[in-house]
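In the two complexes below, chain A is the common chain; its partner is chain B in one and chain C in the other.
== the complex of A and B ==
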């Protein structure tokens, strides 16, 4: 048996060797990817040439496209064509001609789109329009990830789904729509939610990723995976009447390369407090707002995919920007300069702590990182009442129903005789507003508090109890709010 | 004599609900921080906004642990404040500071 200190140093040295070999492997993979891209560009040109590109132009064009590509082609003596006279089929010229005649696209751009594999994570308000425009533009392979099924409340904005497909998997529904739009695209279905364990092997099958999800948890996971697999990421989000768009990890250089584009963690190293995160179901969303952001994602993807590959030596440092859209501001668009890569970023810096192993092993807990929200349970049993119990209370003026939804929701539907005191988010100011209402401050009346889901009503009931308001008649909140009211008492109550 | 500098402030991404539901504000910021006698910087501005412009008592929706809470981007004249020196950036007359809360819906 060797002495402990020798074994220790052996472990240390092996660990160092493993680390340096891993770094070497990662760099080799990046080099391979770049070489493949250059080779691809060269091959496309060969095909273009076979389709009538004059022979004497080819070297000149290749040189302009990329010096490396030129060399790669120079080594092949005879260009080969697999397509006959023209590189695209005749229907493709008709289908894509209106974008191909733009100098920004051209034949080369169209061939690059055809070779491209794009992964769209989320087939909702962003993913539907993004997928539609990318399919229409002739992207070769389009992968869709979503574990949800279509609901009728999705249809005002999720334009790839339809009324007759409510209940169907969103991925299947979207592929049905997209196939009718453009059957030439190879659609890949991934009808499940993205997980850290499977994300890397999935992303490796694609060239570019669109984040069309709706939660910080998935946004960090997608960004980390894009860094680890060297994929550029087009990320967008929307809520109420506003939207945001960023292109991240572009260029997708290995962690530690300061010329690579920043990742989501560079811009947002810490997640927002969980209770500050609103979903579209809670906060609301205007269809064209999220649609616009999804269309812009497709546009950024087309720009990235059709761009001429440039040799890494001439790469300019990234100039990352964030586009902010605000439907009711003038002007509605604002583009702002963002920081570059963060020197201590947990994902893309030279001191990154997030590795492929930490993802695939499941040791990275994204839900814990972003902080989960648990259902509110603030009140003792005597201060709670079910919707069915409330329905049995006399309607003789001995009790008051306080509806704490905002005015917009209250004016959509309300119970006759109820009093609307919108929850302000703050117990003190809300209780002040409530105390001004005679129905609440009057002696001897029982107070029932209701809201949409049964959370704000607990906060409001507690605010009353702590201030002794409605104390003699008792204060209760209605469990589950109007959702429970609809389920237990009145099926005709509007579900929204 | 307390001089002031004009600064444009904008709140977006939902932060406006903390500031009387108003996105754009034109403020007259004291040109120096009375506690340090140094020229007004963005750190002072954030503190001043909490004390003078915020109408909602939920200060932790805007400031946590002495700076803007995670998930808020601060933009000085359309650039991430990290490009401009963050809290230490000294405000000039006519500067525009935008506070953006990140959105997550999709």
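== the complex of A and C ==
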């Protein structure tokens, strides 16, 4: 018979062993349950992907599926993952299912979209459709940059804005629309114009940038900043009935890496002359043309974001192309094969002169590079009249009004008795056309030249004066064109 | 724009965006073969002012391949020759949106 105290100690020891084994058993059961869940998920993924998916995609998704599984072993009562068995919430499967069942997207692609941060610069004709499709697709974070407010002339193409939001900031208006489209996205508002000083710190917060702006200065600034921050850039533009689309700086390797994708300067090293750059307000734009280009930007962004990450050194870099869309051409689409990076590019080559320092210090002047425009002031005072002054001229055939707007605008609205000689962009050819008109070449008549805004009319008036046309009656241009006519003389004149 | 083929001994030149506005045309047929470095002067003859106002900032392609005009000009006699039946495109940067 053992002494009582020894038996007591044996009971205590056995109790401890039972307790510890029970804890171990509980842990093992938890691990078993987790392993079973993972196994079931893997089985379902294998089944779903039996159609020939690369095996490494399965591994990547599995890793995303069970982030807790790796650390659970040996820990007591690990809480269930916050999202349960599946990496996405049930509503997300419903919302994104129609794109997820495409082999090009799949679960892995959807997870990459959810993780992605995309910056859209410009919330206009390109930015609205691009943002809508990216929000709809479930991009995790969408940043919008625009300093403008919604105007009624935007609405035929800028589909995220509405009549009741005229006057509102474009960023706020777009976020209102996008939130109703997909409230799950994290929207970041940047309601100001991009500047060289702030661009780098802004771009650094994102993975991918879309250039949806409307001017050469911002196009060069965005491209340079993408090179400096190593972000791929999806750039599009549109005017009248044509559009362009390029994926730039893809792959986004540091300046000097010849395998990196070309930047905007590699394709267009010299900006167009400032006085030839037309805005959509000046040149016109067909809504679906710019809409199409914005939708294509969203598509290229989705392709880039859902692509399987690969060791870039082993793969040949993607072939850069410039897509040109011309709505009234046959065929309407042309894809141009571009070169790689330019050996002497100012931004992305090994001899690049553009640095983060030159951007943030403001020493790089994009307005000067693109040639700033100042109001045209070509004519001496005696060759200018105000719209109000012109309205007081007699209408007795002693003078001729030359309207230099194009035929389309002239047929929208014109002053009775005026002569339409559309400005050709070139003084010589325009003067030749003008000389053929009897009303202009006839002796003794005063000539008044008018256009939409008061710029082309100065060029045309100068072309007449330099060639001695209308010399005896005098040549004058109407300051401010029909815009001034509307403000000073006829409020009923159409504002377009 | 230009579904039709150029006549024998000619190549097609397509004008996009501001190049189309400036020439008021969507295409022309020029007689070839023609060394590409001679094209700007030929266009200038026909469309006075086009070199300065349009071509300086344009991308130019031959049969959908980007051509660097400075590089070609530097090659002088050795530059690319546009052949009969080729398609040249003048592509100005469009910046609006």
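The rule we apply is simple: the second predicted complex is superposed on the first by the 411 of 496 C-alpha atoms of A that agree within 3 Å, B and C clash if a C-alpha of one lies under 4 Å from a C-alpha of the other, contacts with A are read in each partner's own complex, and residues count from 1 in each chain.
The rule is short, and it goes like this: a residue touches a chain if its C-beta (ideal position, glycine included) is under 8 Å from a C-beta of that chain, and two chains touch if they have at least 3 such contacts.
Owing to the predicted nature of the structure, the values given are computational and were not obtained by experimental measurement.
Partners chain B and chain C clash in the overlay (superposition on chain A). Within the superposed three-chain model, A:345 lies out of touch with both chain B and chain C [touch as defined at top]. In the superposition on chain A, A:100 makes contact with neither chain B nor chain C. Once chain A of one complex is fitted onto chain A of the other, the partner contacts of A:122 extend to both chain B and chain C.
By the touch criterion stated above, A:426 is placed in contact with chain B and with chain C alike. In the overlay built on the shared chain, the residue A:329 is in contact with chain B and with chain C. When the two structures are aligned on the shared chain, A:132 is found in touch with neither chain B nor chain C. When the two structures are aligned on the shared chain, A:216 is found in touch with chain B and with chain C. Overlap of the chain B and chain C interfaces on chain A comprises residues 122, 124-126, 212-216, 219, 236-240, 242-244, 267-268, 270-273, 276-280, 283, 285, 290, 293, 322, 324, 326, 329, 334-339, 424-426, 428-429.
Residues 1-3, 16-18, 21-22, 24, 26, 47-49, 52-54, 56-57, 59, 61, 64-66, 68, 89, 91-97 of chain C touch chain A in their complex. Remark: chain B residues 12-14, 23, 56-58, 60-61, 64, 69-73, 75, 78-80, 82-83, 98, 100-106 touch chain A in the complex. Contacts from chain A toward chain C in the complex involve residues 122, 124-126, 212-216, 219, 236-240, 242-244, 267-268, 270-273, 276-280, 283, 285, 290, 293, 322, 324, 326, 328-331, 334-339, 342, 424-426, 428-429. Against chain B, in their complex, chain A makes its touches with residues 122, 124-127, 211-216, 219, 236-240, 242-244, 267-273, 276-280, 283, 285, 290, 293, 322, 324, 326, 329, 334-339, 424-426, 428-429.
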